[in-house]
Each structure stands twice: as C-alpha cells, then as structure tokens.
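Heads up, there are several structures right after this.
You will see chain A twice below: alongside chain B first, and alongside chain C after that.
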Partner chain A sequence: MISFDFEYASPQSIKEASETFQQFKRENKKAIYYAGGTEFISRARAGEIKADAIIDLKQVKECQQIGFANNQLVVGATRTLTDVEEGNFYPLLSDVIQHIAHRTARNKITIGGNLMSHLAYREAALPFLLADSTLEIATMDGNVRQVSIHDIFKQDLHLSEGEFIVQIMTDEKFLNMPHFHSKKTKQSKLNYPIVTLAALRVDEKIRVALSGAYPYPTRLLKLEKLMAAASKKFDGNIERVMKKLPTSIIDDMYASLEYRKFLLERSMIDMFQKLERMSS
Partner chain B sequence: MRCSPDDLKVADGRVYLKDSPEYGVKIKDLATGYKYPNGNSVGGLIIGKGSHIVRHLTPLDPRTGFGKPGPQWGLGVQVVEIEYCPVNLTYRVLKAITVLDGGKIINPQLAIGQMRGGMYLGLSWASRESFTFDKKGKVLNPNFRGYDVIRASEAPEYIVDFVQSPLIDGPYGARGIGEYGVIGMAGLLQIAFRLQVKLT
Partner chain C sequence: MDVSKTGGLVKLKINGQTKEVSIRFADTLLFTLREQLGLMGAKPSCHNGDCGACTILIDEIPFNACHLLTAEVIGKNITTIEGLKDITVQEAFIKHWALQCGYCTPGFILNTYALVKSKPNATDKEIDEWLDSNICRCTGYQEIKAAVKSVLQSGVSS
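And then the complex of A and B:
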C-alpha cells in the first residue's frame, strides 16, 4: 500500500508539463515526473520516497516518439523497454534491454525511467554511452536543450530542478556496428547484474561500457585509449586491461569484490575474443 | 441391484454382489449420483468420512535416543544431475530424481507433485534462498527482488517414481510421504559440485 495521498497530472505537451511542475512548486508541493511507475510504486510502498504530486509524461507526444528522423534514431523517454526491444532499431540496445528485469516489468519500465533509476545498474545507458548519444532535455521554463550524454551522465544523470528527459537521439551510423553484450548475475538470468559488459566496435576501435561492477554505469575511456594505441591484440593480456579499470568495484550481497573481478575478467576475455577476431 | 446392503461388497473400484460379482456398478458411476440410461438420476453425491491416527508414537528419550517418533523409516533414493562450466564457474541443475517407497499410492498425481515440490524447495534453499543481514541485523533482501528463488524457467527436469510396499497399519497401505522430496537435495548438490571440481 502507498501510505500517502498524492495528486496526479497528465499533461499533453512539454510546455504543459513544465507549467504543471511550476504550479505545484508555487503551491509548495513536491512533484516528481512519472512514466512507467515501476520504481515510484515499489519505492513508495516501501516508504523510501514521498511526493505530493506525480506528473505523468506518457501523454507528451515527443516523449512517445520512436523511430528515425534526420539520420538519427529517436527514442522517446516514456517508451517502454518492450517497445524498444521489439522495434529492434539498435541491436545492441535490444540485446541489453532484453536482459533487464523480466517481460512483465519491461512492459512498464521506460527508457527514461531506467536512465533515471536510483539503482546502480541502469543498463539501458550502456548502448547510448557507447554511441555518444544526445539527450533532449525539457527545462523548467518549457524549452528544450540538447546535450551529449557524456556531459550529463556522470555516474548519475544530472538534471536540474523541473527538468525531464524528452528523448534520446543516436546517430544511425552506430546502430549496426559489431557489438558484444554479456550479463552475469549471481544466479538467475533475471537478477541484477554482477557485471554487464557492452561493447561496440567503431572503425576498428573497441568501445567498452560496464554496469553492475561499479556503483554506476560507465564507459571505460582509459581502457579504450590504451587499446586504440596498442598494436597488439588484448586477448590473452587481460592483466594489463584490468589495471586500467577503475578500482571502486562493488562488494555486496550479490557478489564479493573478488568474484566480480573474476567475472569482469571473463567478460572482457569473451568480448576480446568476439570483437578482435572479427577484425583479423 | 435388487438386494439388501448386506449382500454388497466394495472392492476394485466396484460395488457388487458378494456371491455373484458379475452383478455390479463402478464406483465412478455412483460417486456423484447414479444415472439410469433414460436420464433419471438417484442417490446424489456420496460423501465419505474417515480418520486415521498413527499408533504407539512416543517422543525420543533425550538421554538414550530410544523412542518411536514416526510410523516408519523412509526408504528411497535421490539423484541430482548438474552441468558445470569450469571456465565461468557456473552450473545448471539438469535433473532431480526421487524414487521412494510410498506404500500404496492413493493419488499418483498428488504424490508426484508433492515430490517435485519438495525437490524444488530443497534445490532452491540449497542454491539461493536465504536472508542477508547487515551488521545491525537488518534484512538486506526483504522482497523478491533480492530474495532469489528458482524460477519456473530454471527448474530442472523432475523425475519421480514410487515403490509401493504397503504399510500394514497405514490407511489402505499408504505411507507418509510429506517431506521426502526435500531431504537429499542440498547434500546432493554439494556432492555434485565436489565431483565436478575434482573432475576438472
């Protein structure tokens, strides 16, 4: 049961959404943006969050857009993971998404919701980090701004008050590049990742991003630089790779630090074997 | 049947005349009321009532260990087969088998379901179900997102069979078969791991 009352608003446009937010603010009410509801409902039931009002963005046309425009794949933030998975516009994105939660949950969880989750995993961010995607953000005054994912997604996605993600745009040229994806869990396929590795081979260079290993999804830029500069293949020189990784690996009830490291190594080896072999 | 009730016998799924067994009716045709060929029905639903208590049970003597805590010793065999990946150190349970002397098995589907459920429970406990506490004793996995159970898609193939040596003082010769499915699973899983690790 959700133990508090809250108001519900369902604006039809970006402008109306922002105005609604401002209105609640003037009334001194804490409003939060809402899409799939999986996180709001479960966290509100658990007493972890409270709000005076929720603003449901699912009726905002731009947030529901999905498809191609101007050589870009456009994914509206309130599109469900199932929508994106089934559209199969970006195979790596579909692969990653298919392994988030389970089908019933994916029918509700949205792309924007996953990027903004309070959980560490947010695996949907990985393919966008790899493809240098651009986010369109609605601001509190009802305008929109576009920003590179790298400038706004630093461990968390940093939005200012009253802002929400409208859509995510990805250059078409990245969509069908060779890719690799692996998700390791403690036991079941459905559990949170211990290590999720996603990689994309762009112009003979490998880009790598991780979730689950660290308290945030992250692209491994240092490692990518090392790989780009190296003449030899990395398959078989895993110690060198591991040295280049951030050290803040999670140690929790799902997996010890040592086990995470072990699986991280395994995933890296599998990734090199697939993506380096393709280039030879 | 054109006879008095004393002339009837109930056996082998039928009610029939003691002296002329060829005159009889199947119990299944009587259980919810008997229907004549012309559609008329008589009798109505037959409702039975009975009870059984296990005799001569005593608690175990804590000093000597003597006593009779149950009606029988269970006799059975269980098997767990796993597939182990020495590279990723992962495994999958492929098969779980229980063959048990259940005495007379009165309802086979129920008995098989009981054994399957037991094996599921044992494997799920042994492999993943447990609460995790922090240093202050707070449960860290209070919901099914963190408290993992085996899901239907991960269940092994369950194989169940019964030996049926009747328990003389059991109802219709039946033996208790409540928890037997669970018992061996944790130990078997552990043995399977040990064997695999030795082999590889």
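And then the complex of A and C:
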C-alpha cells in the first residue's frame, strides 16, 4: 500500500502534459511523469520516493506511436516492452527486451520507463546506444527538441525539470545489421544482469555496449576504436581487448570483480565468434 | 469520474459488471479488488510485480494487480479469477495435478487463459516465457505446463 496521497492527471497531448506540470509547479507540488509506473509503485510503497501528483503520459498520442516514418523506426516512450518486442522492428532490441523482467511485467514496463529507471541496468538503452538513436524530448514549455542519445545519455539520462521523453528514433539502416546479445545472471533465468553484452556490426566494424558490469549502461567506444584499427579477424588476444575496458567494473555481493571479468571475457569471445562467422 | 484532488468515486468494469467504488489515486488495483470490492481471488504476495500471485487481466492482457494503480484502469475491462466461469482451464489444472496449496493458482489460471486466447498455437518456448511470470513454491512446473498444453489442445471453452 502506498502510504501517501497524490493527485492523478492523464493529459491527452504534449502541450496539456507540460501545462499540467507547470500548474503543479505553480502550486508548489512535486509532480512526476508516469508511464508504466512499476518502479514508481514499488518505490512509493517502500517509502523511497514521494510525489504530490503524477502525470500519466499513456494518453499522449505521440508517446504511443510505434512504426516507421521518414526512414526511421519511431518508438513512443509509453509503448510497453511487450509491444516493442512483439513488433520485432529491430531484432537486437527485441532480443534485449525479451530478457528484461518477465512477460507479465513487460506488459506494463514501458520503453521510456526503462531508459529513465533509477536502477543501474536499463538494458533497453543498449540497442539505441549502438544505433546512434535520437530522442525527442518534450520541454516544460510544451515544445519538443531532438537530441542524439550520446548527448543526453551519459551514464544517466539527463533531462531538465519538466521534460519527458516522447519518442526514440532509430535510422532504418541499423535495424537488420548482424547483431549479438548475451545476458548472464547470478543464477536464475529471470534476474538483473551480472553482464549483458549487446553488439552490432556496422560496415564491418563491431560496436559494443554493456549493462550490469558497470553502474550504468555504456557503449565501449575506446574498444571499438581498437577493433577498427586492428585486422578484421579477432586474433584471440582477449587480454588486449579487456585492457581497453573502463576499469570500474562492479565488485559486490552478486558477483565479484573477477567473476564479472571472466563472464565479460566469455561474452566477448562469443560475440567475436558469432559476428565473424556471420561475415565469413 | 467524481473526484476530489486525491481520489473519488469511480466506476470500474469488473467481470462484466460495473462497480462503483471510492478510491484514493494512490490505491493499487490489488488493494481495491480485495479491500473495497471483496474480490479475494487476486492474492497478495510480493507486492513488487515479481511473483504473479495477483495476476488479473486488463482487456485480456495479464498484469500484476500490485503494479497497477486503480486510476489507470478506469474504463477498461478487468477480469479476475471470479470472472472466469465455464472454461476448461480449471478442469485441466485439477486433471493434471497442477496445484497443491492453491495460493498461486488463480494467477496461473488467468495467465494460461490469456495465453490460450492470444496464442492458440503457442510453442513450448512461448509457454515457458509466459509461465515464467508466475511462481509456484509447492507443485512444480511440469504439471502446470502439462495442464496448459492440454488447454491449448482443447481450447478454453467447455
């Protein structure tokens, strides 16, 4: 049971959502944008988060859009993980999503909610980081701006007060490129990742992103440069590859640093083998 | 909807009937079903969307009632275990010994019903994927899977 009361608004448009946020702000009320709400409900019940009002974005038409426009895949932020997975517009994205939480939870969790999660994992970000996606953001004055995911997703998604994600747009050319995905958990099939690795081969160059190994999802740009400079074939020297990874690998009760590095090495080798096999 | 700022009297469509109920916007559907409407089939357990004991259907899609605000489902068709009558799923669970203490069973039955309705040709992989949403601590999943497969063969209508 959530112990505190809050107001509930369900705007029909971006403009109405922004005006609603401004109105609550004028009344000195803390308002939170709401989509799937699974994290909000769990955290509110546990007393970790409070709000005077929530603004449910699921009736905003642009946030519910899904499909293709202007040679781009457009995914509205309030579409559920199940919607995106079953649409199978971007196979790597579907693969990654299929391993987040469980089916019934995915009927509620939204793509925007996963990107905005306070948890470290946010695995849905990986395919978008690999494909240089663009985010459309609604501003507090009711306008929209477009920004590269690389300019706004730096460890966390950095939105200004009153802003929310409307859509994520991905160039069609990336959607069916050879890809690899591997998720390692501590024990069970359903759990948060110890290491999730997603990779995309773009123009014979491999792009790699990780979740679980670090306190945030990240794309491994230094490693990609090393691989681009090297010969096309993986030479088996995984230590040389591992040296290019950021050093801040998590060491906690779920998995030691050494175990995470071991799993990361295994995932990297599997990735090279699969993607190189597909190119030969 | 007749509302104050943080709640009010709302109409919910549950199991084919319209019910008027007073809610706080902070109420979860699980709380409203059990404490306000006396529908005890959705079971409280983890309250965190992890176990599936409180599974209900919204417009025939399974959701965890603990992870829904009642305010979100106004105008939608809510189905609880009390609303599933004259179907073959319960019989299949009995026939295949797919329950023991029974606490998780309503959630499994609703999930099975939704699976068979939306994917009548579900593969083993799809059955496993859907059943992963529900936890049973005493029966064992093979009996439940056998029950699901038998319903897939016979259909949900008796």
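Just so it is clear, the second predicted complex is superposed on the first by the 278 of 280 C-alpha atoms of A that agree within 3 Å, B and C clash if a C-alpha of one lies under 4 Å from a C-alpha of the other, contacts with A are read in each partner's own complex, and residues count from 1 in each chain.
We take it that a residue touches a chain if its C-beta (ideal position, glycine included) is under 8 Å from a C-beta of that chain, and two chains touch if they have at least 3 such contacts.
Treat the numbers as computed from the prediction; the structure is a model and nothing was measured.
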Is A:M140 touching the first partner chain B, the second partner chain C, both, or neither of them? neither
Where does A:R266 make contact in the superposed view: on chain B (first), on chain C (second), on both, or on neither? first
Decide which partner touches more residues of chain A, taking chain B and chain C as the two options. C
Just chain B (first), just chain C (second), both, or neither: which does A:Y8 touch? second
Looking at the overlay, what does A:D56 touch: chain B (first), chain C (second), both, or neither? second
For A:L190, decide between first (touching chain B), second (touching chain C), both and neither. both
Quick check for you: in the superposed arrangement, does A:N107 touch first (chain B), second (chain C), both or neither? second
Across the two complexes, find the residues of chain A that touch chain B and also touch chain C. 42, 189-190
For a test of understanding, state which residues of chain B touch chain A in their complex under the given definition. 87-89, 127-128, 132, 140-141, 143, 145-146, 148, 150-151, 153-154
Using the touch rule from the top, collect the residues of chain A that touch chain B in their complex. 42, 46, 184, 186-192, 253, 262-263, 266
Under the definition above, what is the set of chain C residues touching chain A in their complex? 5-7, 24-28, 31, 47-49, 52, 55, 61-64, 66-69, 71-72, 111, 129-130, 132-134
Provide the residue numbers of chain A that touch chain C in the complex, in ascending order. 1-2, 4-8, 10, 37-38, 41-42, 44-45, 54, 56, 58, 98, 101-105, 107-108, 189-190
